[in-house]
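Below, each structure is written out as structure tokens.
Same chain, two partners: chain A is paired with chain B first, then with chain C.
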Partner chain A sequence: MAARTILRNEWRLLMADRPLKIVLGLFVILLGYALTNGVLWLRFQERTVEATRTGNAERIHAFEQELEAIENGAEPSSPFADPRSPLVLGGPSGSHTAVLEPGPLTALAVGQSDLLPYYYDVNVYTNESSFQQNGEVENPLNLMVGRFDLAFVVVYLLPLLVLALSFNVLSEEREQGTLALTLSQPVSARTVVTVKLAFRALLVAGMVLAVSLLGATATGGFGSPGRVLLWSATIVTYALFWFVLAAWVNTLRRSSAWNATVLVGAWLVLVVVLPAAINAAASLLHPLPSRVEMITAQREASNDAVNRRSELLARYLEDHPEMAEGVVADEPGLGALSWAATDAVNRRLEEVTAEHDARRDEQIALVRRYRFLSPAILAQEALLDAAGTGDARFADFQFQVRTFAEQWREFFVPAILAGEQMSARVLHDLPRFRPRDEEPTEVARRATVPLAALGGLLVLVSAGAGIGLGRVRGAD
Partner chain B sequence: MIRHIARKEFTDVLRDGRFRWSSILVGALLLVSLAHGWDQTRKARQEHAAAQATAREHWDTQGEKNPHSAAHYGIYAFKPRLALSFVDEGVDPYTGTSVWLEAHRQNDFLLRPAQDATAAQRIGALTAAQVLQHLLPLLIILLTFGAFAGERERGTLRQLLATGIGRRELAAGKALGIAGALSLLLAPAALVGAAALVVANPGPAASPLARAAVLAGVYLAYFTAFLALSLAVSAWARSARTALVVLLTVWVVNGLVAPRVAVDLSKRLHPTPSALEFARTVEQEMATGVEGIPRPDRDESTRRLLAEYGVESVEDLPINAVGVYLQESEEFGNRIFDRNYGALWDAFERQGVVHETLAVAAPLLAVRTLSMGLAGTDVEQHRHFASAAETYRRDLMRRMNGDMTENSLTGDFTYTVGAEVWEAVPPLQYAAPTLGWVLGNRGLSLAVLGTWLAGAILAAAVRVRRAEVG
Partner chain C sequence: MTESPTGPTPLLEARGLSKDYGDTRAVDSLDLTIAPGEVYCLLGPNGAGKTTTINLFLGFVAPSAGQALVDGLNVSTHDRETKRRLAYIPEQVMLYRNLSGLENLEYFAALGGQGALDRNRLTEILVEAGLERETVGRRVSAYSKGMRQKVGIAIAMAKEADALLLDEPTSGLDPKASNEFSALVERLRGRGVAVLMATHDLFRAKDTGTRVGIMRYGRLVTELSTAEIGHADLERIYLEHMQANGGSP
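This part shows the complex of A and B:
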């Protein structure tokens, strides 16, 4: 009964507060702008994915026609591009583009999808250095600043709106002298504040969730309901964290102005300063190894390999007897020779990369410990994981492409070593990249950590606010 | 009288615990970011110099081979960093650091440091520039929002004006007092920065000291504009609270909203092709040529040579016809690359202009552009180096093809040369742009920042004159 009265009063107050309505209206416009940006980006990526598929089909079709023509007696268009050669059919001109579908909720969070590659051309020459490529063509300035997407609005601007709505939830009543009056009713301060904030939380979270769900519906994101759930849970937890923080500060019995200063200070520290300071500390204490050294190592490996071709071929055949069927090591063809060198370069590159990646993973593991200090970083991590635009999904994609490149090589290398020619028949047996998207349980397991940490922070401030509210007396 | 006001304001600020703590925080962040940036820049400079030397050594010691094989072998170029980049790393984490200069194609810069980092590391980098662009204005707001509004609320404004002091003098005094307090924070930081620059031994190239001086001037103008704007709002607002809310809104729009709005707006106004589209277009144009840039025809090239030398067959030519054709293909490719990369870079530049134009709503955008420009870490200076590297590549290819053309005969695939030819190739000597070049490109940002400065001072003057007493 009391709760309903408070709710009704809150609604009337809101309807009468013109500045507040303007702020809420502006927030909706920002949400709409953010969603439009995300949807446009998703469409752009979808078009690109479609183009890679068409490209794959067209290349195979062209080979098919040329191979058939050659079987019927035609000459290849160029001796260097004879499609019967496995180095051509499986080489750069016969590449298969392995592509990652945009994350199911990309329209809500662009995340790392503008920075990390989401397709690779795979051929027999694909090696570790093939993964050192830029992602989408993008102005570095835009990459530096980042997108205006829903994730940005949630992480940065949502807390500000929450604080604007709740910094004076109790202090105003006290300043207007209505607190004593309110609490003289059969209702506790805890109920009053809880209902008032619940109303506002419903309003704010409702707006963000409505726009998110609209975006998810419009872009087919509901194909992964688990992700939508995770996205929504993160937003609610994050918004509640800020509401409860405001409630806690309100129980400290200071003026509204003081509350506002402290809360904005908290936002500044937790959302702006801390992430930057954490990053600085991380790169100071755990610097990432430099890729520049890799280039040098790569170059040296390939010089070495070219100089020792014959020796390398002998060793390659020893290491890979299954590839050596029908090859006489004493009279290797040109293809076999150059393949031995290629393979040696690849092995050396793998060593160099593995070393680099191990150091990188170590550093990143250390860096990630600090994220528990900032709810903003935690929320961002959970949101990107939910959207499928976080680091992990791209790393998984790269791993799958490595495996696929291995299959591709296994398909062509025996023919390369044997100096055999290939026919149109093999086109149907070509390995195809079948991406395996993350399992919902995988995503859930990964996102549990930041979400639980965020929940932990929420519990912490709730305890503080709960104790504080128990002490509020109307006579303060 | 102004002196008294200034001294009173200065003392007030210093005694204020809030200022002490926030200044200590901002000062500490500024020093840490300077130290961190300096250390990173020093390491990057050493690493790139070493890598460049090794790349050259690889070139020199590649052994005996045909000049065209050497052209395929190519050489790596590493982007040097200006000494001043320790203040503002700009877009450097998002541009590649090295490029392979090889025959037949212009490659992209690879190895973007940001690709190695995590998503969390994208949401905030602590550089001196970030502290100066975001936190300093906030500090100024916190110091200034109560200058008039607070005095008015306390009723002391009436008393003050009753002493006969002019409102403008009062405002000037307050501004000087606050500026004095801030200078206690900024002057040491500027000195540390200047010392760090000198210690880094930047050399005379790219006018580092002049760049640093202008950089200091840009930030000074930015802070002055913020101070004047805060005074104006404080004089206009009915209560200190309103002044604070308005100024914080300005701060959020300036630092958070406008920069990101500019990103998506610029992409929508000046779209760029996808990487796939770009690569396929170049590939296709290289294969077929485009209107006005026909693909060179080998037979025609040979016929022309035969006519020129007045001989019947290629065997009688005193030069290598293949070398001539290779160079013709190279020049054809160059025109295709110029056309495509040129269009792409131009689109990036137009996107940059959108960011610069939006500075009319958010001065941060003008300051950021100028800051990156002066630190040598903006997109334009990346392009400047990329063009220099590409020019070097073209010269290298011309030399290799030229050697093959002049010193071997058509069909002679056994022709090889050695170290004397490789060593005769001059090293890549990159001259970073001068201060004049940078400022010449940044006219729009300079104008917008100047307008903000003048406008804020004017607004302060007008608002202070009209300030209500009670």
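This part shows the complex of A and C:
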């Protein structure tokens, strides 16, 4: 009964507060703008994915026509692009584009999808440098800076709105003198503050969830209800964390101005400073090797390999005797020599990349260790995972592409070494990239950690607020 | 209201009630009973412990010793039950400025346990409390202090409480408003409401109260029946107590 009375009064107060209505209106506009940004990015990605599929089909069709023409006596269009050569058919001009479908809720959180590649042109020359070309690895700062999407609004701006609505939830009542009259009624301060905050939480979370669900509905996100649920749970938990933190600060019996200063300071520390500090610490303690060094190593390896092609081919065949069939080691063809050099470059690159990856893993480990300090990092992680635009999905995609690249090489390299010529029939046997998207249980298991940690922080501030509210009396 | 074999239970009762703020004793072993239909006026200088006594009955502060009882229920252990029986009008009734007097009354009356009262009935209560009918729908930000006090009275009336706690309710009111207020208290007294009123106004205490108690340094130094003394007597006794140890009234 008391709860309903307070809720009705809160609604009246909201309706009578023009500046507050303007702020809420602006927030709705921001949400709409963020969703539009996300949808535009999703549409762009969908067009790109469609274009890559068309490209794959067109390339195969063009090769098929040319190979059939050659088999019927025609000459290749260019002696340097003879499709009968496995180095051409399996090389850059015959690349197969492996593509990752947009995450189910990409429209809500662009996440890593504008940083990490979601398609790779796979050919026999695909090596570690192919994966490093857009290799911005995840770190707190990169997680924070990105497109103005719903995830950005939630992580950065939602706390500010929450604080604007609740920094004076109790102090204002005390300052304007209504607290004494309220608490002289048979109702506790805990009930009053809880209901007032519940009203605001319903309002704020309701707006964000409504826009989110609208976006999910418009872009087919409800195909993954588990992800929608995870997205919603994260938003509610994150918003509640800030509401309850505000309630806790309000119980310290300070002025509204003091509350505002402390809460904005908390926002600055938890949302901006801490993630940046963790990122800085990761970069400082585990610096990534220079990209220039990596490129230089690649060039040096390439030059060296070209100069020692015959020696390298012999070593390659020693290492891969299964590939030696049909190769006359004493009279290697140009293709075989070229491949030997390529393989040597790849191995050198793997060494350099391994060092890079080790440092990156150390950085990630450090960030993962300290992410529990910042609700913003935790919320961001859970939201991106829910959207399917987090780093884990991209890492899985990269792993699948690596496996596919290996299949591609295994298909073409024996022919390269043997100096075989390809026919149109071989096009039907070409390896195809068949992506396996992550299972819902896999996503749930991964997202449980940040969500549970966020819940833990919420419990922590709730305990503080609960104790503080129990001490509030009308004569404060 | 409960009955004991010896007569009606006092609606408001203090038993050895004390409150310390650090080394300062704000209320010192207060014993007090207020029966239904009685208006008890607490007199005393600033800092005498009048407001603290009211806050103790409201449960706004916890007693350091003793008990504050409302209708026989200990305030410390029966917070909600005792608040259901109490109405409170502070020195300055502060309301939600963006809401009208009627909306404020609607809110506090519902919060007080009266449920959602009919708006016409609430308007009548406001008018009975002295607010002009055409002002009940105006925002409180446009109200004078006297008008806010009348809304406070209306809140107390709507609650139909057994006991009324008034903390210097006529402070800052013009004489006409003060008289109207006294008349209202008199009406409530007639309905059997027990009233505890802290005030500096000796004249009104004599006229409105059935008993007066004079507090000093947290102690109740004397109790008088207003029927047995005149205005001049009350003033003289009050000043004698205030000047007894060099204090100022």
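The working rule: the second predicted complex is superposed on the first by the 464 of 476 C-alpha atoms of A that agree within 3 Å, B and C clash if a C-alpha of one lies under 4 Å from a C-alpha of the other, contacts with A are read in each partner's own complex, and residues count from 1 in each chain.
To be clear about the criterion, a residue touches a chain if its C-beta (ideal position, glycine included) is under 8 Å from a C-beta of that chain, and two chains touch if they have at least 3 such contacts.
None of these values were measured; they are calculated from a predicted model.
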- Partner chain in contact with A:Phe222 - chain B first, chain C second, else both or neither: neither
- Which of the two partners, first being chain B and second being chain C, lies in contact with A:Gln112: first, second, both, or neither? first
- Message: For A:Asn37, using the defined touch cut-off, is the partner it touches chain B, chain C, both, or neither? Pick first, second, both or neither.
- Response: first
- If touched residues of chain A are counted for chain B and for chain C, the larger one: B
- Query: Touching A:Trp258 in the superposition: chain B (first), chain C (second), both, neither?
  - Reply: neither
- Message: Looking at A:Thr5 after the superposition, I want to know if it touches chain B, chain C, both of them or none. Which is it: first, second, both, neither?
- Response: second
- Task: Would you pull the chain B residues touching chain A in the complex into a rising list?
- Result: 25, 29, 32-33, 36, 39-40, 47-48, 51, 54-55, 58, 62-63, 76, 78, 90-91, 93-98, 108-126, 130, 134-135, 138, 240-241, 244-245, 248, 252, 256-257, 259-264, 266-268, 272-278, 280, 344, 347-348, 351-352, 355, 378-379, 382
- Would you mind writing out the residues of chain C in touch with chain A in their complex? 55, 58-62, 79-81, 83-84, 86-88, 90, 92-99, 103, 107-108, 110-113, 115, 139, 152, 155, 165
- Can you name the residues of chain A that touch chain B in the complex? 30, 33, 37, 40, 44, 47-48, 51-52, 55, 97, 111-112, 115-116, 119, 132-148, 152, 155-157, 160, 256-257, 260-261, 264, 268, 272-273, 275-280, 282-284, 288, 290-293, 295-296, 299-300, 303, 307, 360, 364, 367-368, 371, 376-377, 380-381, 384, 390-391
- Enumerate the contact residues on chain A facing chain C in the complex. 1-2, 5-6, 8-9, 12-13, 16-17, 176-178, 180-188, 473-475
